[in-house]
């Protein structure tokens, strides 16, 4: 189990309010910025090739999400990932719909060369990404949790990074230690880009604890699960759920995070 | 009147959760995705020329909204519309502010060649679009409902599609049968991009019922009107209205849609 | 003190519902449009080089925010600023993070040549912008209010415009008359792009009162402060705060604006 209570990671985040360089899709930008601000990080969105490398170098972490990809953005993402790699800035890759088109597969292949600290995706994305990394091109939209866990461990070992597969329950691994996290709420998939925002939240926590990307990731995911559960208690639908989720992230205390996280170590996959 | 109760179309939508390829403006993206998710469809936003045709071909429907147009996006929209046409994927055109600049007129002219299944706009947009289709360039910002209805019928007959003119009351036609729909709430124009989202919702319903684009469009518009009325009941302003609208779309039952839609056939225009 | 009660400016805005051409960052677009609609203006977002000049010329005001800048957008912003200048359309510059990269400094330098009516930024941005205007390149992230006020007056005098420095308290000057405005709420910095939206709201008020850009700006800023204070009264966090802010702007009466604005003239800086 984690070496420190998960609440310590939230405490560190709020004490340092890390600057997180977010290169994310158009759908997710506003929502992601608000999720980070509510929790305690400081998001900045910029993507121009003229400035991304300069900016990544002064950020606490970089978060790259390929949702509404285009060629100029893909080039800028590669520049930012390279800058992160060269400056030892942690960065997170969110390979949205990587299995859906060859364009996305090619871009992710290039990005992986710059060693992300964390990869976060759903089961299908993690399986598709592992397929690419192994020269395959397979996409399985109905990926089982079991298959996704195996793919996640393979990816983590190959790229020496943390891999988080999120869904009804989350599976998190650094290739050696594996965890399962439960919680959240059934309304979460009815709100757009919560997963995208979660990737940037993971980047925020890793920015505040660079030496422990696995535990920092667990803390970020647990924040989301607990806040999601709380938001769902009184929500009437996805509109009031969104509002309540931001309020719950803002109100979440480190002690609550430590005590309410539904985390278990996974020994055999 | 419709051949089936309108609620059947909502039931079909929720049973199939169609994947809707949305190429929409930056302002509308997040809001549109949330409106579709709340109602029961599955939105995907992507726009790169490298992948739009590949993706449209696997989608249930395509929705094109020219709100924050640019040349690369216009080219990609044409590629997607062509892919929809060739693959018999239904698609919806939302000609935002088509009368405002020659750039928009030119792009819409090109798009119309790929036979949209449905065109949705406000009275001025539908009149401007009909002006283009008839080689005119006229724009009338103070378009009357009567003039817009005449333009809608002309457009529908020329392009063999459904045309929906939305506003305080909606007018919907396939060139042969005409309907008027009332409902909604005075706060709706005080929330941005609800019309844009409605276009994508129409695409979602048509995806679930490809053979009945007129009735599927009526169902989508009626969902919005009923949910809007309900959302307005307790709203304190446009902030709480937005939240309540998403909740109301989520809660709306097929039976409510069938019984509460304020729909009438229009015999003489 | 202002020549007319501030509420008169809100009355004028609502009576004319000015069309405001917003070229703003992707994060802020939806939120900005909703802030303007809630208050009573009519926002339009477009950015293509093919149409910006044509559209700016028919707008009541232009608002330029460089948040998610890129080269094509920078070129379009220059075209729009030039069109505003040539057609005597008031325009507002929001120099987001101008101190962070040389790209942003270069673009702002070019834009300043087209004489903005109002510049709105935080203390660091106004200081950085003044540094550029004086051939310096200095950035001071910990700018004091005092230093920012001095920079604001220098910028206002050099460019013959209104400069608004916003933060915990706001400082507004046209180079001759100076004001301090207090109010707002501690949750405001926990919601993304409220400052960006405020810049566009300033443009809206100036559109409705072109001859009094200083007083129109004061009215816009006071609207935000009062609505922010009210929204904070019952908010549980940044989610419910956002909702309540839109409702409060919608409900704000001209008389409340006149009587509740916490405005004082500043005689010595």
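Order as written gives the chain letters A, B and C; numbering starts at 1 within each chain.
Assume contacts are C-beta pairs under 8 Å (C-beta built on N, C-alpha and C of every residue); 3 or more make two chains touch, one makes a residue touch a chain.
Each chain and its UniProt protein: A, B, C = Hydroxyethylthiazole kinase.
Fair warning: this is a prediction, and the values are worked out from it, not measured in the lab.
Interface residue usage between subunit A and subunit B, two copies of one sequence, is largely distinct: under half of the residue numbers at the contact are used by both copies. Note on subunit A versus subunit C: their Cα superposition corresponds to a rotation of 120 degrees, in steps of 5.
The distance from the centre of subunit A to the centre of subunit B, with each centre set as the mean of the Cα atoms, comes to 34 Å.
In subunit C, the residues that touch at least two other chains are 26, 29-30, 242-243. For subunit A in complex with subunit C, the touching residues are 26, 29-30, 33-34, 37-38, 43-48, 50-51, 54-55, 58, 72, 242-251.
Subunit B makes touch with subunit C in their complex at residues 25-31, 67-71, 97, 100-104, 189-193, 235-240, 242-243.
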